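Two complexes, one shared chain (chain A), two partners (chain B, chain C).
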Partner chain A sequence: MNEVSLLHGFLTIGALLFGIGLIGFLSRRNMIVMFLAVEMMIQGVSVSFVAWGRYHNNWDGQVMVIVMLAVAACEAAIAMALILMVFERSGKLDIAVHQRYREDNQPEYVDRDLPPPEDKAQVWPNLTPAGVEPEHDPEETAYRSHV
Partner chain B sequence: MSSESLLYAAATVLGAVGMWLLLPRPGERLRWGGAAMSVVALGLILSQISPLGDMLSQSMFVVLGSVTVIAAAAAVTFRNPVYCAIWFAMMLLGTAGLFLLQGAHFLGVATIVVYAGAILVTLLFVLMLANPRGNAPYDRLSWEGPLSATAGIVLVGMLTMTLSSVLKSPTLADDLPSALLTAQAVGSGNSDTEQAAARNGGQDILSEHHSASLGGRMFSAHLVSIEVAGVLLFAALVGAVAIIAHSRSVRSDKQTLAGKQAMQTPSTNGRAGA
Partner chain C sequence: MGFHEQIDALIDDTQRSLALFGPELALCGTIILLLLCRLVIGDRLSSTLVAFAGTVVGLVAALFSWSQVAGTSQEAFTGMLVIDSFTIYFRIFLLAFAVLFVVFTWRSGIPDREDAADFYTLALGSLLGMCLMVAANHLLMVFMAFEMASVPSYVLAGILKGRRKSSEAALKFAVYGAGAAGIMLYGISLIAGVTGTVHLPSIGASLANTMAADPSSSVLWVLGLGGLMVMVGLAFKLSAVPFHFWAPDVFEGAAAEVGGFLSVASKAAAIALLVRVAIGFGFVQEASAWVDAEDQSVVQTTNGVDQTSIASASGETTSQIFIAARIQDGNSASGQNSQDVQTTGADHQQGTDQQDTDQQSGDQQGTDQQGADQQTELTQPDESQLSPEQQAAEAERLAEEARALGIAQRREAQEVANESLGPVRTYISYLVGFLAAITCTFGNMAAYGQSNIKRLLAYSTIAHAGYMMFAVAGAIPSIGTSTTLAQDHISALAVYVAVYLFMNFTAFAIIAFLRNQTGSEEISSYAGLIRTSPGLAVCFSLLLMSLIGLPPLAGFAAKLLVFSALADSGLWVLLIVGALNTVISLFYYLRVIKAMCLDVPEEGQQVAVFPIWKNIDGWFIFLLTLPVVVLGLFWGPLREWALAACSQLLS
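And then the complex of A and B:
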């Protein structure tokens, strides 16, 4: 196998992942999607590390990626706790909630052209039902909240 | 200006416009056009990589790489955060496949277990706990779509152009690092593999005992970093529990305070306890 073009290909994929993650981090407003974009940038760097490790026939690249996995897991735990706390206080996952920490002389950011509210209800991903539907217990369905 | 730079410039422009059209914005017209332009840009960039020389590896690489990059683009551009998370899982599967293709078996499995298994499920839990009703307006807007798409894609364009000009230069083949020659000897099943590995400080990344060698390297040369990672995990665990417990205690304090006030003045505000 041509090792140089293998390195070239993997570094290209790593650069693409990093760039797309950067776009997501800069442009998206949902805090969870911003977090996903950061993880995507980390994945891009991991791909590059593994490629360089292969090129130099050296384990250190892979060991570095394992350490990055551990750090990413820590980061996910802390970030999710903070996002949940902010959500409990403000009721939004919007990053613009944090503009209340701006300097006193800065103007407030106001959404200019809001998209019109969508008519159709939000479609959630679901699984195709299979088999025979069992009989429902009316008492049980009365207590279950609508999900 | 050579034809190669022109090609990268075209890919950058196409990719930037395509990503801008794909990002959430009011109106949402021409999204399919944006997807088509981004795919063309991806094809242009991937077409500049010289073939791997092995038909099977080449097709595996192209399929896995395209799946990874397209899933990544979908993960940052979909409006519904649940779909974003699912596309992110698809991207992780692609990355795990790329790791396997590189011979990093342990990392391929660890990526799926840690990222797709733990981090992504935590994320979906938070999404379900938060459960914002309907399509929130902030999911259908983006900060400065054209500018951020241009920033990201120009970074990609510069990186890939530099990579291609450095790695495709003919002089590189003459001064390959000795480690690379070792890898080629290992890859071709050469009989003096052990000699080659010995020349490289005893490291042989394509050895049959992959996990054993990786673990040996990890717990000898990198013992301190592994211990630090362990301490960090423990600190993160304590920190996350402390953050949640603190927010709970603040909230319950507020509730008891509000409840007392509501009991003292029952007629003024009935919703104070809510």
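And then the complex of A and C:
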């Protein structure tokens, strides 16, 4: 197998990974899956960087990949923290829920119906009674669907 | 070269670079202090004070480095960064902003006592990334600095922890940012892969070579796509249409303080990065560094550094070979000395398989081989080697040839190379110009119907990003042909950014102070402000009029410089779009002024009382509004300074 066909193979894989990631990023509504898709885009880039480095016979590509992975990890950590924060408040991972900010005269954009709001009564975990049950914050129960 | 020499070279380079890195080091130190202070001393030492002291030290260091570096353009950290007067101008700008920002947040009280350390850590971390953005000289650095500036600002956008709205803003920012960074990375991988180098000036040289060899090469499509993808990332940072969607939502959801931060500092760094990348792709620098390299035998240093790190050093030598090749091309037209350098690549291929004993000539061969590869694009790198004697002779001959080429010839070569880059510049200029025109128009149109002042200013910053991009789009076509014209454009941009700091930052400061009193950020809540606090209303009106660009305010001077440079370049389309947009923007800014000065507050509406002379807040606003008026009348010195700042950009 010569160098050029090796390069082509790796670049194709890289482009496919990037493309799948991009499509996933644009089409998914689950926040965690969206960030997974971004990671996949970055993996695609990594594969093509390594392939180019091998082809040009230098370390530039691999160095880029190492730095990129570190940066991507930071970004993913921040994103996960934000997602957790939002999830704690709304109890949903669907990004379409978050449309509070939009132009004044625009309706909410919904490509497929949003899941109906859960109106089940609050279910508390069934633990062995110990002590006195704490008082529930009515405000908290209003926006939290579960604990 | 032995291992120890390489390490020594690397240490020398690092020491030299660290001396140029003062302001950034001050920021790093402040960040560490901020985190440790809370741990060790506790609440007794205010984080605001630490942040203030740190940013002042940084600013002083930046001001000192202006005189220290004046007149030279140096590469730092093995070519990752370039420290020239353009870098230092923007560094001074960013650190001055940092000082003002700390004072402003101290007065407006958004990071409360508990959060202050985190808030300033994030803000200064982001500023550190921005300082690196303006100095980026390497695609790796472009990406790293981009992320260093972005990631903390995602958290800053959500700093109002208790509010659901704030976390929504942060989330949207993070989602957009992650997507844009991914696409930008793929663009970087395409460009780096095809040109075979990650060092921005070498990319220009490599592109020139490709273009000269075959102006209709299919590889150019790949490069064009790569450029487009890199532009996606930059457009996200600049909030240029069509990647602006995050801006209004984030500005509305985040605190006004963070809005000021994102709209001024982040935008200035992004536009400087755009200039750097555009010049890197569309311009071949005169190999002045090459002369030094030959004289001080830095060739060894650079090659040594190259093997131990990712450095551009190899790129530097590569670009020398390119330029040498270009000179050969130029000479062969006049019948001398034909095809010497071109044939060296072929010579290597006929070489025997002996061990590479002579390191230096081996290096020479490596770079030469790389050069040959790039010339023929995508050919297979061959592993064959020459016998040591042949290599030594070859290297000597090459070095001698290189020395023999005088500066005049080098200039000539640069001109030839730059000429062949013409289509690349046209492409970048069209791309940036088109984005600028739609950004400007869309921003101004969309701002028209807004009722929330932060959202309105968000669209206003989008429009202003468009004006700034006009200057870049105007500068690029004349980069290789008329340096003075290009400098006109870029210095106009530098003036615009400086003026924009005062206009927009002060506007956000006023919004924050008024929010602290009334708790509202709606334009309607400003009704009757002229009666209760006339000084503030006048200041705010002046700022808004300056944002429109009415004479005799600073905004007018900045716009005048940008537009007159456009007229000099004969870019009438952009000029007309810009002028029309200025007219459109008149309406929505005036609407805010009307609300303040003419509207009567509704029954029971709380109107802010904000005396401008009685407290520090008032003085802060007044002192920041003052430059907007003064710079509108006397913008000569600022322009001189800006011209000096971009004098080394195109050498």
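Just so it is clear, the second predicted complex is superposed on the first by the 108 of 147 C-alpha atoms of A that agree within 3 Å, B and C clash if a C-alpha of one lies under 4 Å from a C-alpha of the other, contacts with A are read in each partner's own complex, and residues count from 1 in each chain.
Here is the rule we use: contacts are C-beta pairs under 8 Å (C-beta built on N, C-alpha and C of every residue); 3 or more make two chains touch, one makes a residue touch a chain.
The structure displayed is predicted, hence computed values, not measured ones.
Participant: More residues of chain A in touch with chain C or with chain B?
Facilitator: B
Participant: With the two complexes superposed on chain A, say which partner A:134 touches: chain B (first), chain C (second), both, or neither.
Facilitator: It touches nothing on chain B or chain C.
Participant: Is A:107 touching anything from chain B or chain C once the two structures are fitted on A? First, second, both or neither.
Facilitator: neither
Participant: Contact-wise, after the overlay, does A:24 reach chain B, chain C, both or neither (first, second, both, neither)?
Facilitator: Only chain B; A:24 stays clear of chain C.
Participant: May I ask you to decide whether A:85 touches chain B, chain C, both, or neither, giving the answer as first, second, both or neither?
Facilitator: both
Participant: Considering only touches as defined above, state whether A:71 meets chain B (first), chain C (second), both or neither.
Facilitator: After superposition on chain A, A:71 lies in contact with both partners, chain B and chain C.
Participant: Which partner does A:93 reach: the first (chain B), the second (chain C), both, or neither?
Facilitator: First partner only.
Participant: Touching A:35 in the superposition: chain B (first), chain C (second), both, neither?
Facilitator: Both partners, chain B and chain C.
Participant: Touching chain B in one complex and chain C in the other: list those residues of chain A.
Facilitator: In chain A, positions 2-4, 11, 18, 21-22, 35, 51, 55-60, 63, 67, 71, 74-75, 78, 82-83, 85, 89, 95 sit in both the chain B and chain C interfaces.
Participant: Which residues of chain A touch chain B in their complex?
Facilitator: Interface residues on chain A, with respect to chain B: 1-13, 15-24, 26-30, 32-33, 35-37, 39-40, 43, 46-47, 50-51, 53-60, 62-63, 65-67, 69-78, 80-85, 87-89, 91-96, 111, 113-116, 118, 121-125.
Participant: Give the list of chain C residues in touch with chain A in this complex.
Facilitator: 139-140, 143-144, 147, 151, 154-155, 158, 161, 164-165, 167-172, 174-175, 177-179, 181-183, 185-186, 188-190, 192-193, 196-198, 248-249, 252-253, 309-310, 314, 370, 373, 378, 380-381, 446, 449-451
Participant: Once bound in the complex, which stretches of chain A touch chain C?
Facilitator: Answer in residue numbers: 2-4, 11, 14, 18, 21-22, 25, 31, 34-35, 38, 41-42, 44-45, 48-49, 51-52, 55-61, 63-64, 67-68, 71, 74-75, 78-79, 82-83, 85-86, 89-90, 95, 98, 100-105, 143.
Participant: Using the touch definition from the top, list the residues of chain B that touch chain A in their complex.
Facilitator: 19, 23-24, 26-28, 42, 45-46, 49-54, 57, 61, 65, 68-69, 72-73, 75-77, 80-86, 88, 91-92, 95, 98-99, 102-104, 106-107, 110-111, 114-115, 118-119, 122-123, 125-127, 129-130, 132, 134-145, 147-149, 151-153, 155-156, 159-160, 163-164, 167-168, 172-173, 176-177, 179-180, 182-184, 186-187, 200, 203-206, 213-214, 217-218, 221-222, 225-226, 229-230, 232-233, 235-237, 239-240, 243-244, 247, 251
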